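In what comes next, chain A is part of two complexes: it sits with chain B in the first one and with chain C in the second one.
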Partner chain A sequence: MTTLTRQDLNFGQVVADILCEFLEVAIHLILYVREVYPSGIFQKRKKYSVPVQMSCHPELNQYIQDTLHCIKPLIVKNDAEKIVVVIMDKEHHPVERFVFEMSQPPLVSISSDTLLSHVEQLLRAFILKISVCDAVLDNNPPGCTFTVLVHTREAATRNMEKIQVIKDFPWIVADEQEVHMREPRLIPLKTMTSDIVKMQLYVEERAQKAS
Partner chain B sequence: HLASTNDQKVVVMPCKSAPSHQRVQLWVQAKKEYDRCQRGG
Partner chain C sequence: MDVLLHYRRQNNLPQLLEIAEKAIEKFPTRPLPRFKPWFPHSDSKPPLTPTTIPPVISPNEVA
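Up next, the complex of A and B:
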């Protein structure tokens, strides 16, 4: 049995790998459930022992992969406070924001075997909540698109710069328009506390979705 | 460069946009047509 501690060089990398894999599944599922893209691009797969819908559109899949590839160094260093999947209307105004708020708690020591099975159970619960969240959300207007926002610190973005250049996937500071939503309705979806990460997911929904 | 000497909170996003719904819809139609041709051929 392997025991990992925060001091281990690869601990942050292990956490980032787990979270980025989860975020990839979550983003695909959000795009499917909220009908951002046609259902014809999605295929049923099994992740965390539950069925999920994953896109088979090469450009979209690459976009999501590139996004997460750039975010990963921030997660490794525990520098990503919030990762937000923003669904925007045709005028690029946010209609829904899926907010993943995360922090890595101080750690004494954990066993990798316990860690993986426990974390998988917790992440499965998030996936199940996302898959049924359309029941508590209003329909989105047609022609929506999405982006991903990362709440971090300026110094931390230096970790991203090299990878941005390599991937030819530059990042910019978000406009106020993308960051804030006026008088959103707040819908808590799920909270988890584990040895490696604390995470909560909630949705902010715009009151009047029709433009 | 996104970073500066003041380590303040910042919100960043990809410069590139995700593929539009319309663009993806066209891809779906083209794929359907291709699959139909493959089956017919």
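Up next, the complex of A and C:
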């Protein structure tokens, strides 16, 4: 059993690995539940001991993996404040935003075994909430697409170099159209507090989706 | 207060009474936390996003 401290170089990496693996499952599940992609590309799998739907489409899977691969260095350094999965209508206006807020509290030391089993149990609750969130959300208009936004603690331009880890997968500062949503309805899904990471998930839903 | 306990015949009644008594006892509750976003939206800090757009998959492609 290894003991990790916040000062360990390894520690940030372990937390980032856990979070990115979780975000991958969560993004796949959001795309399935909100019907952004045809249900035929999804397959039932088991993650965190609960059934989830994961895409089998190689291009989409690569896109999600590349996105998370770029975000990981920011999570390692605790530089990412919010990761937002935005669902957009045909006109590229956001209709729903799944906001994952995260912060890493200061910590003295923790055993790596406790860390894994405990945090995975907590993450399961997020997955369960995502899988039933369609009950509280209105249907999305047809032809929706998605994007991911990363809100950093410091100005985005200062983190541009850190996120640019894949040459063919460039990042830019998002424009107002992708970010802004008029009078969103806020739907809290889950808040968790653990020794290594605090995370909160809520959905912002556009009042009039059909426009 | 009268209590009517519905139970299955094969269960042990004295033990059930004990469990049921515990279940209806009052217990200390914590005040409900109010949900609040930790990092409210700020126009001065725009987020980062990939320039590449995700693939479009038509239902015909799957079938």
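Here, the second predicted complex is superposed on the first by the 196 of 211 C-alpha atoms of A that agree within 3 Å, B and C clash if a C-alpha of one lies under 4 Å from a C-alpha of the other, contacts with A are read in each partner's own complex, and residues count from 1 in each chain.
In this section, a residue touches a chain if its C-beta (ideal position, glycine included) is under 8 Å from a C-beta of that chain, and two chains touch if they have at least 3 such contacts.
Model, not experiment: these values are computed from the prediction.
Of the two partner chains, neither chain B nor chain C is touched by A:105. After overlaying the two complexes on the shared chain, residue contacts for A:160 are found with chain B and with chain C alike. In the superposition on chain A, A:41 makes contact with both chain B and chain C.
In the superposition on chain A, A:144 makes contact with chain B only, not with chain C.
By the touch criterion defined above, A:51 reaches neither chain B nor chain C. In the superposition on chain A, A:202 makes contact with chain C only, while chain B stays out of contact range. Residue contacts after overlaying the shared chain place A:191 against chain C, while chain B stays out of touching range.
Comparing the two interfaces of chain A, the one with chain B and the one with chain C have residues 37-38, 40-41, 57, 59-60, 63, 66-67, 70, 81, 145-152, 155, 160, 169-174, 178-179 in common. Every residue of chain A that touches chain C in the complex is listed here, in rising order: 37-38, 40-41, 57, 59-60, 63, 66-67, 70, 81-82, 84, 99, 101, 103, 145-152, 155-156, 159-160, 163, 169-176, 178-179, 186, 188, 191, 200, 202. Across the complex, chain C meets chain A through its residues 33, 35, 37-39, 45-59, 61-63.
On chain A, the positions that touch chain B within their shared complex are 36-38, 40-41, 57, 59-60, 63, 66-67, 70, 81, 142-155, 157-158, 160-161, 169-174, 178-179. Residue ranges on chain B touching chain A, taken from their complex, read 1-4, 6-25, 27-28, 31-32.
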